[in-house]
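First chain written, first letter: the chains are A, B, C, D and E, and each begins at residue 1.
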Amino acid sequence: MIRVEGMHKWYGDFHVLKDLNLTVDQGERIVICGPSGSGKSTFIRCINRLEEHQQGKIIVDGIELTDDVRHIDTVRREVGMVFQHFNLFPHLTVLENCCLSPIWVRKTPRKEAEASAMEYLERVKIPDQANKFPGQLSGGQQQRVAIARALCMKPKIMLFDEPTSALDPEMIKEVLDVMIELAGSGMTMLCVTHEMGFAKTVADRVIFMDGGEIVEQAPPHEFFTNPQEARTQKFLQQILAH
Amino acid sequence: MIRVEGMHKWYGDFHVLKDLNLTVDQGERIVICGPSGSGKSTFIRCINRLEEHQQGKIIVDGIELTDDVRHIDTVRREVGMVFQHFNLFPHLTVLENCCLSPIWVRKTPRKEAEASAMEYLERVKIPDQANKFPGQLSGGQQQRVAIARALCMKPKIMLFDEPTSALDPEMIKEVLDVMIELAGSGMTMLCVTHEMGFAKTVADRVIFMDGGEIVEQAPPHEFFTNPQEARTQKFLQQILAH
Amino acid sequence: MTESTMKAPKKALRPVKWMRENLFSGWFNTVLTLGVAYLLVTSVGPLLNWFFLDANFVGSDPSACTGAGACWLFISQRLNFFIYGFYPDELQWRVDVMFLLLAVSFVPQFIERFPGRKWLGLFGIFGLPIVGYFLIPGGSFGLEEVQSSKWGGLMLTLILAYIGIIASLPIGILLALGRRSEMPIIRGICVVFIEVWRAVPLITVLFMASVMLPLFLPEGVNFEKLARALIGITLWQSAYMAEVIRGGLQAIPRGQYEAADALGLGYWRKMGLVILPQALKMVIPGIVNTFISLFKDTTLVLIIGLFDILGTVQSTVTDPAWQNVAIEGYVFVAFCFWVFCFGISRYSQNLERKLDTGHKT
Amino acid sequence: MKKQTIDTRPAGPKPWYDPRVRSLFFQAIAIALVFWGGWILVDNTLSNMESRGISTGFGFLGETAGFGIIMNLVPYDATMSYGRTFWVGLTNTLLVSAMGVVAATILGFIIGVARLSSNWLVAKMALVYIEVIRNIPLLLQIFFWYFAVLSNLPSPRQSVDVGGALFLNNRGLYLPDPVTQEGFGIVWGGILLAIAAVVGIRIWAKKRQLATGQIFPTFKVGVAILVLVPIISYLVAGRPLEWDLPALRGFNFGGGITIIPELAALWIALSLYTASFIAEIVRSGILSVSKGQTEASKALGLPNGLTLRLVVIPQAMRVIIPPLTSQYLNLVKNSSLATAIGYPDLVAVFMGTTLNQTGQAVEVVAITMAVYLTISLLISLFMNIYNRAVAIKER
Amino acid sequence: ATTLENVKEKGHLQCGVTSGLPGFSQPDEKGNWTGIDVDTCRAVAAAIFGDANAVEFTPLTAKERFTALQSGEIDMLSRNTTWTLTRDASLGLNFAGVNYYDGQGFLINKGIGVDDATQLDGATICIQAGTTTELNLSDYFRAKGMEFKPIVFDTSEQTVQGFAAGRCDVLTSDRSQLAALRSKLSDPSSAKILPNTISKEPLGPVVRQGDDQWFNIVKWVLSVQINAEELGVTSANADDMLKSDNPNIQRLLGTDGDMGAKLGLPDDFGYQAVKLVGNYGEMYDRNVGPDTPLGLDRGINALWTEGGIMYAPPVR
C-alpha cells in the first residue's frame, strides 16, 4: 500500500528526515511515536505530499509521488488525513464539510454525497450535529467530524497526526473509540500519537522516530515490553512515567 | 504572614467571594483547588490587590490592604505572583524581565540586579536562555522565567495561579520540579493548581473552594483520603478519575 | 453560606460622587475639566445661535435671509440641484427609485432580526448595479436616455463610490491572490501594481483618467468622462482593496489550506470554496472602511470638473443672488457626508465586534 | 504485486503535468502580457502624440517658466526654468508634508490618550473630535479652513498685532526673522555646550543608575540646562541678535517670516484630519496590550507611570507603527489637495501651471508620479526599519 | 478617422468649455449651457448636423484644457483661450480664429486706494492657474520693476472666493470677465476695475493640429457668422435671405455654389449656423452685450466696418 525507500527531506539546511524506509501493507495499522521535533508530522505529511521530499521514493497505492500533479491528485484522493487541530472549515456546516470533497473532487451528485456523509457521521456517532457549524461543537465532536470528512472520500489509507493531543482529557476517549472502531474495520492506518493505550490496543506495528530517523519498529507488545534501542527505552520511561 | 478575615467580593451584583477566612503562617505552603469558576483566581488576586475586595480585611505581612496606594505598593513588593499565562514582557529579554522590578522598584544597581537574576535563572535551570526573548522559549521555559522574575524581587510570599495549566504535559514536570524545589527552601506559597501530585508532595494544607466559599481545608493526606464534605468528595472523584 | 444572598455594599452613585470620580480626580483632571468646559461654554452658544436661533429657514427668495445666522433657505431652495445635479426634473423618479432600493437593501442591515436581510444585502451588492445600469442612464426599455453629463450632486457621489467599490472588489481579490502567489513573477507584477497605485495621489489619477486616457488608447476608442473617472477610481481603489483582502487571506490559518489540499481540492476550488469565503467575511469591516474613505475621496472629482455634491454646491455658492452662503453650503455638504460616513462606520464597528466574538466560539 | 505497476509508470512527469513547468509557463505568459500591454500603451501614446503634433522629450525643463510662485524654499523667480518650478513645487510639498506629519503625530497621540482618559469630559470630547473630523471629506475641511476662516481675518491694515513683532491678517501670519550679528558665535557655542552637557549628564546618570541604582532627574535638569545656558551666553555676548520685524509696506507686510494662509490652511486641515485617524490607531495600540501585561507589571510592584512607560508603550508601538505608516503616506498624498486652494505644491505648480504652459502632459505626469512613488517608498522604508527595530522577537 | 468622421459617427460634437464663466460658458441649474463660447460650439454643431443641440459640453479647468484637446477627449476647445505663438506651435494645437478680442485688466478692492496699475507694487494678486494671465502678469510687473505675490487658483469660482475673502488686493483676468466676476461679489461696489489693459488677449476656438479639414470647418463657421452680421443676415431673417439676390449672401447661405461640399459639410451649413445660432452680433448681444448682466460694449469687437477689428475673410 505504502512504500517509502531511502527517503530524505531537508528544510533549507536542516536535515529533518534521514533515510526512511518503510513498507505498509493493506489493512496494516501503524502507530508512530517519538519525542517532539523528531519529524513524525513531517514524515506523515510527506505521504500525501503536503510536504515535498527531496530524495528517495514514496509509492502510495502503486503511484509514485513525483512532481506530476496528476499523481499527487490521485494519491490525495486515496489518502485521508486527520490533523491535530481538526482544520474543519468553519464557514460550512458539518454536512457541507463532509460533502465538499465528494462533490467537487469526486463529482458525486449532492444527494448521494449527503447520504454517504450521513452514514459516516453515524459511524462517528454524531449524525444529529450534521447541520451545525464546527464552531458550535466541542473539540472531541470536531475531531470526529474531521474523521468523517476524511472518510467521505472513501480513502484507502488514513493518516492521523496527533488527533487527540489538542483535546481535553474527557474528549480524548470519544475520539479514540472512533479510531479503534475504524481500525477494527480493516482500514490501513498511519497514526502519530502519544496515546500508548491506543497503540497497545490496535497497532500492528509501533514505529519510534528520533532525530529524523526510524530508530525502532516492532509489534506493540514487543515494543513496550522489550525495546531494543537505548533511545527508545528512555523515551518510554519518560512517557509512561508522568 | 497572611490573614484574611470575613472577606467578601462582588463583581457588580455577582457575589464571587463569600466570607473568606484564612491564616497563613510564614513558610506555610497552601494549595487551593476547586471547580472552575469557584473564585480561586479572584481570591489569590485579591491578596496582592490586583482585585479590590469590598468587605472584610486582608492583612499581608502586617499591612492591611486598603485604598492607600503606599500600602498596596509595599505589599506588592513583598508578594511575588506567577500567572497561568506567564505574562512575560515580550519586548524585553529574559534577563531584562527579571531585572525590571529590582532596578526600578528596589533601585538595585543594574550589575547587582543582573547577578542576582542570573542566580535565580540558574535556580530555575535556564541560565543559558538569559539573553533570549520570551517568544523564543518553550512554554515550560517561559513559566520558569516567570517564576524567576517573581523571585528576583526577593518576595516573602509567592502566589501561583494555575502555573502549569497552560503547558504541554512534557513541560509541566519541569515547572513542578522548580516549584517543589522552591517549596523545599521554605518559601511561603499559595498555589492554585489541579496538580494533585504536587499538592500531596509539598502542601502543608489543601484548601477546597466552591461557589466562592472555602468549603474545606485540611492537610493533604487527610484531604485526599478522608474528605469531610460531600462537595469535596465529588470533586476529588472527578479529578482523580481521569 | 448563610450570606449567599447578601447584596453588594451599595456604592453611592450620587452625581457628586460620579463627578468626583470622573471629572475631578486629582488636580490635573480638574484643570482639564475646567478648561474643556470653558471652551465648550464659549463656543457652543454662538454656534447654536448661528445654526438655529438666528437662522432663516423659510421664505422664497434670498431677501428672506437676514444675515445674522445661517441661511438654510439657500439649501432648501437648491436642494434639488444638490441631489440630482442636472438630471431632468420629470425623470427624477428614476433616481428616487434607486435611492429607495438602496435604502431597502441596506437599512435592514442595521437591524439584527430583520428577516432575509442577508438576501437584501446581496441584492444591494449584485442586483442594484444592474438595475441602476438600466434605470439611471435609460436608453432601453423605452426609458428616455439621460446623458451622464447630466448626472450630478449626491446621486453622482453615490454612483462613483458605489461602482468604485463593487468593481474594485474582484480586481482586488485577484491582486491579493497574486500577491500571495508562489510564482515570483506574478507576485512581482501584483506588488508593483499595488504599490504604484497606492503611492500616487487620487487627483493625479483622476487627472490622467479624465484628460490623458485617450492619449494612451488607439485612436477612435473612447469612453465618456464619467466612465474614465470610474476606471481611474476603480484601479486606484482595487490596490487598496487588495491590501485589505490580503490581510484576510493572511489571517486564515495554514491548517485550512492544508486541509483543503489534503482533500484534493485544486488551487481555484481551494480558494473559492474554502479560503476566500472565510477571508472575505473576515475583512468586511475593512471593506466597509475602504468604502467610507472612497466615499469621502469622491469629492476630488470636483477638481476634474464633475459636478458631485461638493461641485454643485461650490458652483452655486458664488451665485450673486445669494449673499455669503458659502459656509452654509459647505456645512450642508459636510453634514451629508458625516451622516453617511458616521452611520456606516458605526455599522462596521458593530460588525467588527460581532466577528470578533464569532471567532472565539 | 505492486512492483509491476510501479515500473510501468514513467520516471518523470510529462512537462505539462509538472507544476514547476506549469508555473514557469504561467509566469512567462504573464510577463509577456505585461510587456505586450506596456508596449501597446507606449506605442499608442507615441503615435498619438506624433500624429497630434505634441512635442516630446524633457527639453522643456530647461525653458524659461515666466510665471511667479508665491512661496519658494529654493530661490526662484519668473526668469528661471521649468525645471526649477519642479524643485519649488517639490520642496513645498515636502515642507507641508513634514509639518503635517509632525503635527498630526503629536496631536494624534494626545487625542488618542485623551480618548482613554479617566476624565469623562475629556474622553468624550476626544471621541466627538474623532467622529466629527474623520467623517468629513478632507477637501471640504481644507475649503473650510481656507475660505471660512480667511474671510474672518482682518485686512493687513487692521492686522492683529502682538507686541509689534507678530502680525496676523488675511495675508498670513508674520513673524520676526532672527538675523544673527557678529558675536553670535558665542551663543552657538552656548547651545552646543548645553547639548553636550545634557548628553554628558544622561550618560553619567545612566552609569550611576547601573552602579548604585539611584535615579537622577535627567529630564528636568536637562531642560533647565538647555534653556538657561543659551540665554546666559546670549546675554554675555551682548545680545548679538537682531530681529527683522515685519512691517506694513504698501499693501502688505514686508520683512520677517511669513506663513501664507494657503500653507496654514492646508497644514491645519491635514494635521487635524490625519490626527483623528492616528488617535484611533494609538488608542487601539494601547488597548492591544493585554491586561495580563499590566497586571504582571503591577504584581512586580511597578507604579502606574512606570508600567505605562516600560511595559505598555513599548508594546503598543509595534501595533501602532504599521498603520501609522500608511497614515503618513496618506498625508503626503493628500497634500496634493493644495491645488484646490492655491498652495504651490508639486501638483499645483508642476502638474498645473508648468504642464499647462508646456503642454507636455505625459512627461510631467510621469515625473510627478515618480516623485510620489519615491516619497512613499522612502517613508515605507524608514518605517519598516524602525518597525523591525521594535518588533517582538519570536521563535 | 478624421475628426469630422468621428463627430458624425458619435452624432454629436464634444466641446470643451469653462466650468462656469458668465457670458462665455455657464450651465444653469438644469445643465443648459449658455455663453458666447457655447454658441460658437453650437454653430459648428448646427453646420454639421443642422442641429444646434447636437453638442455636448465638457467643463474643463484652465489646467486641463489643452491636455483634453490633445488627447482627443474633446473635438474642439472653446474656452476663452488666448491665441499665442507657443500654443499654436508646440502644444500641437491650432487656433481657428477669434471670437472675442480681449485684454487683461485688474479688479481691485476699493479699500486699497489705487487707481492705476502702476501703483500695484507689492500687491497680492489672485489669478487662475494655467492661463496666459499668469505669464502676462509676471511680464508686466517685471517690465515695470515692480513686485507682486501671485495666489494661483484652479477655477474661477475659487479665484473669486479668494478675492472675496480678502486673500488678495487684486484679481486679474481678462477684462471681459472682470465685470462678471465682480458681479459675483456679495458687495460689487466694494471693488472696481482699473483702466489699464496690460495685454492682448485674442480669444478663440482651438482644434488639434493635423486635421486641416476640421480646422477649416471651425474657422469658416466662425467666419460665416461674422460675415453674416456684415451682410445683415440674422437668425430672424435667414429664411427670407435665402431668396436674396446678393451673390455674397447666396454663397453664405449655400443657395449658390458648393462651399459646404468643399469643407465636407452640407452646402447649407452657413444657413443652419446663422438660422439656429445667429450671426456674430446676435451671439455677442445675447451673451455679453450691453443688455446682459455683463453689459460689455462692442468696443474693438465691433465689425471693421463700424470701427472695430472684427473682420472675416470672404466666403468665396
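Annotations for the structure displayed:
Just so we're on the same page, contacts are C-beta pairs under 8 Å (C-beta built on N, C-alpha and C of every residue); 3 or more make two chains touch, one makes a residue touch a chain.
For clarity, every value in this text was computed on a predicted model and none was experimentally measured.
Shared contact partners of subunit D and subunit E, listed by label: C.
Should one ask which of C-D and A-D has more C-beta pairs in contact, the pair is C-D. Chain centre most remote from that of subunit E: B (centre = mean of CA atoms). Nearest to the overall CA centre, using the mean of each chain's CA atoms, is chain C.
With rounding to the nearest 5, the Cα superposition of subunit A on subunit B corresponds to a rotation angle of 165 degrees.
Centres computed as Cα averages put subunit B at a distance of 51 Å from subunit C.
With each centre defined as the average position of its C-alpha atoms, the distance from subunit B to subunit E rounds to 88 Å. Subunit C and subunit E have Cα centroids separated by 40 Å.
Rounded to whole angstrom units, the spacing between the C-alpha centres of subunit B and subunit D is 49.
In subunit D, 48-49, 51, 147, 339-340, 361 are the positions where the chain touches two or more neighbouring chains simultaneously. Touching of two or more other chains is recorded for residues 67, 70-72, 154, 161 of subunit E. Subunit D meets subunit A in the complex at residues 2, 5-6, 9, 12-14, 17-20, 22.
Taken in their complex, subunit A has these residues touching subunit C: 45, 48, 50, 73, 76-77, 79-81, 83, 85, 87-91, 100-101, 104-105, 135-136, 149-150, 153. Partner subunit A is touched in their complex by these residues of subunit C: 253, 255-256, 258-266, 269, 273-274, 277-278, 281, 358, 361.
Taken in their complex, subunit E has these residues touching subunit D: 62-63, 65-67, 70-72, 86-87, 90-93, 111-112, 120-124, 126, 129-130, 134-135, 137-139, 141-142, 148-154, 158, 161-162, 164-167, 169, 208-210. Subunit D meets subunit B in the complex at residues 209-215, 290, 292-293, 295-303, 306, 310-311, 314-315, 318, 390, 392-395.
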